[in-house]
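Shared chain: chain A. Partners: chain B in the first complex, chain C in the second.
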Partner chain A sequence: MRVVCVNCSSREVGHWCSHCGAVLPTPDNENYFSILGLPQKINLDEEILKERFFDLNRAFHPDRSSRMKDPRMRDIATRKSTLINNSFNTLRDRTRRIQYLIRQGLGDREEKSGQIPLTLFDLVERVNDLMVELKEAKESSKAPGSPTNGRKVSEAAKELEGELQELVARREAFESNLHSRESEWDDLCDHTENFERLSADDLAARQQILQALSVRMDEISYIDSLIRRIKDTLFE
Partner chain B sequence: MYDPKVIDHYNNPRNVGSFAKGEEGVGTGIVGAPACGDVMKLQLKINNQGIIEDAKFKTFGCGSAIASSSLATEMVKGKSIDEAYSIKNTEIVNELKLPPVKIHCSVLAEDAIKAAIQDYRKRFSVAVKSASGSADTAKG
Partner chain C sequence: MAQKIIGIDLGTTNSVVAVMEGGQVTVIADDDQQRLCPSIVAVNDGAAPLVGYPARNQLVVNPRQTIYSIKRFMGRRHQEVAEEEKNISYEIVGGPEEMVKVRAGRRIFTPPEVSAIILRTLKDRAEKFLHSEIQKAIITVPAYFNDSQRQATKDAGGLAGLVVERIINEPTAAALAYGLDRKQISKVAVFDLGGGTFDVSILELSEGIFHVLATNGNTHLGGDDIDRRLVEWVYTEFEKQNAFPLNRQPQVFERVRQEAERVKCALSFEDSESFDLPILETRDGKVFNFTRRLSRADLESLVRGIIDRTINPCRRALDDAALTPEQINEVILVGGSTRMPLVRRVVQEVFRKEPNTSVNPDEVVAIGAAIQGAVLSGEISDVLLLDVNPLSLGIETYGGAMSKLIFRNSPIPATAKEVFTTAVDHQTAIDVHILQGEREMAADNRTLARFALSGISPQPAGAPRIEVTFTIDVNGILNVAARDLATGKEEHFEVKPSYGLTEEDVNRQVDESIEHAFDDMDRRMWVEHKAEAERVLAATHKALSQHSGKLDGGQLEKIDALITRTEKALAAEDWHELKSALDALNEATIPLAEVMVTEAIKKEGAPGPSGHDPGSH
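For the complex of A and B:
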């Protein structure tokens, strides 16, 4: 998108005016990818990401921009610098990168909650019951008395370990499904010529993939928190 | 850090459990928050005047999520389904004095009430249709 240079009023693209060399204002629709000049892909070349960040960070760093004479330029540079930092911090992490794309495409979904399938609830309940069982067995084994308590602990732990292994396997299956969705997204990016004017079909296809990505990411989140809690219980 | 009311609901949760499978007039809402992994099941038993007679819940999550759903079951009892549907999470936040980081727990409870009512309406409209259908058959 073209922006008007505040210094010489020419319409320009990029970070610097090709006529007068002034810092160009950031267009309103600039996002974390576009400010670094990157395609909106999930499988980003992380070396290029780093390179772009270091170059731009240096160029607009407050140490440098504070020496700019024109206060308007200083202001533009400061805001660019913040956006560049936020972009890098988000895009360098794969999960955050996908979450960002989902937010961009489907709206703000932070603190999101919603309906879940009964099977997921049942899974959480079963794991929870096993964890309670193990904790209770551990408690009673501390009390002097029955020698069978030690066996109870190891039985409960074994059952929980079995559940843990199943969850890890399930997570892997979800992960590979997630990866194929990611490739679909990246293919779509490769075949989109004009990001500023998406056709209705393009838009629908993009939203559909983002929706699927979001469902998969949520499933993985639930599994991860279960795995974390089981490990805490087993190895506390 | 927690308000005494949260601790009270956490230590003595009200209405924990489930209704028997296939029990009449029960709507079930199952919701979760992927970010923290909390899951919540809330069931409402609704009479044919559309009043919530009883409520039960099961929540696996943090103390605030348990307290929020426990409080939610108390709030909905005696209310009409429309009144219950309009309950806002802020009422739970104010009652339990939840800190900002725990507000999503109250949102989860509000979602659970709405999901349970939606489930009830879905089942109930089907039941009404089949009831009137059989009445017609009896007449004919």
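For the complex of A and C:
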């Protein structure tokens, strides 16, 4: 994104003005990847990410910019340092990185937590019933003189463990699908010259991958919480 | 040459001042060659206050006018310090909601004022040593200090006539003191157990960069707790021995406390030590002493529980840094309490390596602060600290949940924006509730501030857009600014401390937050779905009472069954089941909604009482 240098008014890109050497302001909505000078890829080289974070802070961290003479430059540097930190903090975590890309591409989505993904519909109801059954069996087996309930508990537990295996298998499938989507995204990045000016086809492809990534992320997060609940029920 | 920036460790028990000169850090001693300054202020009516050792010397004879451990009260409200209040010999005044004040003699002081007296003494000490005036300082705080505790520390500096150039975290300062001459990349854990607070920080050192990866701790855990445990032991044993309780008058209590501290310190180097408290009490003309030998093993079994409370914060910090104990190259010990052999054993168990103790644990923080002073004055140019905020920052949202805006362990300075709008027509003010903490529900976290975004022009609900920017600066202090996106009008808010919870609660909750992470999530979903279910049930009942005649028997039966199922889920407080029942109910009531829409069209121009409500979903 081009910005106006506050010192010499030329329109510039990057962190420093090529005309007068002043610190350039960073727009608040500047892309996190661009701030750190990185391609918008999911499989980022995390060492390079950290190096950029260090190098930019060496220039703009308040401990360094406090020595700048011009107070306007100090302010710009401090704001920039804040955005550098936000960028690094978001991009260093893979999940947050993907969510950032999805948010950038598709806009803020309504929070979908708790909603059952379509691909899990068949399992969720059975698993919920089994959990209720197991809880009830455990409750009544605590009552004295009911040996049959002990068998009920172990039967329900066994069945639930079977479903747990199935869930773990599905999670693996989602995960591997997620990885192939991630590679598709990264390939698209490699083949796109200018991310700001995409062709209609590229844009459509890009949105499609983001949609798929978003669905997979929701599925995985749902399945993780379900697995946690099953484990809690089994081992409580 | 730029003006010197001194480094000050303003500790719970002792304070230290250091300065860098010609590439060397000097810990500055007083006229009696004492490098530590006990953080104690004695106020004698009509005379200048005594600070440090002279103040400590009058503690037993004049306990009500001698203020110690003031750091425990910095940035706190009266109702937050009940536990501390029981264990001091001077008086705390002010209502429960008010900021703590202390009474000493005829005067009343705020904690920043007392701290300022200590800071002024250290400033004088440095000026004498450097033969020049000093105006600028770096002051250290525990990494786990919250916003108001940091603000109070900064205020204390100002009152002492110092410009506080930076507030830096004690463990980070210690890492600076240890890591200056290191060139290769290494990962360091700093274990800082002081008089009143515990911090653990994990850092990565790389070519002059001190990058904090994670920090954790407890602002209510330190050597004072060990002393207190020993004091209680003395009281219990005295009563066992003499069949009556020892009195808790300040003079007696203070003698016991000082002796407990002495015995504790001695037991770091000796296998056993005697309590020697003659003439502790007289009763019916008889004199009662307390003399008892305590072994190091006895001490350790008494305080093991206290020391063990350092373990979980260490594990969490490692977890947040995504490191295993084996990946830590070095463990640094900071704070007088780390002299205890038991503490060193615990550290070794957690990090699986022998800790490094080559720099004096009482001085290492001030040395680091002096180095940071030299960095800011430009004397050192190849060192840079990249620190983090210790606790997540967020706001209260619908249903009492906390929405986190800046996560814990984010590098600072950091910022987040949130757009607020109105919920009802013509609303002119929006309440903003700022929170700090790790729990899902607002009520479980600490309130940093509540304020109203006011002066909004009356508009339909949802139309105003007020953008609020939260910034945590490089000192870890929060700033809030709001901007009306329509008019561009900007407003700044001072974040004044106002908390609803006691500090004990907050600490317990931070400790429990990891264990409760899942409960919290459940509770939040429960709150949200419960509200939704109640709304849907009410709307459905209302719609059925008016339109049930227009549905066939199968449809009605299905809706009835689902209503029962939803009500059962509500009673069982099971949000998963509730969610699924609600989804089914919403689906089943589609024909009902259709009927209502048709009716509404028929009655166009004269909408009945049921015209909007149930059909809106």
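Assume the second predicted complex is superposed on the first by the 212 of 236 C-alpha atoms of A that agree within 3 Å, B and C clash if a C-alpha of one lies under 4 Å from a C-alpha of the other, contacts with A are read in each partner's own complex, and residues count from 1 in each chain.
Just so it is clear, a residue touches a chain if its C-beta (ideal position, glycine included) is under 8 Å from a C-beta of that chain, and two chains touch if they have at least 3 such contacts.
All of these numbers come straight from a predicted model, not from anything done at the bench.
Applying the stated contact rule after C-alpha superposition, one finds that A:Asn86 touches chain C and leaves chain B untouched. One of chain B and chain C touches more residues of chain A, and that partner is C. Legend: residue contacts after superposition of the two complexes on their common chain; A:Glu125 is shown touching both chain B and chain C. After overlaying the two complexes on the shared chain, residue contacts for A:Ser221 are found with chain B alone; chain C is out of touch. Of the two partner chains placed around the shared chain by superposition, neither chain B nor chain C is touched by A:Ile48. In the superposed model, A:Thr78 makes contact with chain C only, not with chain B.
Of the two partner chains, both chain B and chain C are touched by A:Ile116.
Once chain A of one complex is fitted onto chain A of the other, the partner contacts of A:Val168 are absent, as it touches neither chain B nor chain C.
Of the two partner chains, chain C is the only one that A:Asn57 touches; chain B does not reach it. Judged by the document's definition of touching, chain A residues 113-116, 124-125, 128, 225, 229 lie at the interface with chain B and also at the interface with chain C. Put simply, chain B touches chain A in their complex at residues 29-37, 39, 41, 58, 60, 103-104, 107-108, 111, 115. Contact residues on chain A toward chain C in their complex (touch as defined above): 28, 53-54, 57-58, 61-64, 66-67, 78, 81-83, 85-86, 88-89, 113-116, 124-125, 128, 132, 225, 228-229, 232. Contact residues of chain A toward chain B in the complex are 111-118, 120-121, 124-125, 128, 217-219, 221-222, 224-226, 229. Residues 166, 206-207, 209, 211, 375-376, 378, 384-386, 407, 410-417, 471, 473-474, 518, 521, 525, 529, 575-577, 579-580, 583 of chain C touch chain A in their complex.
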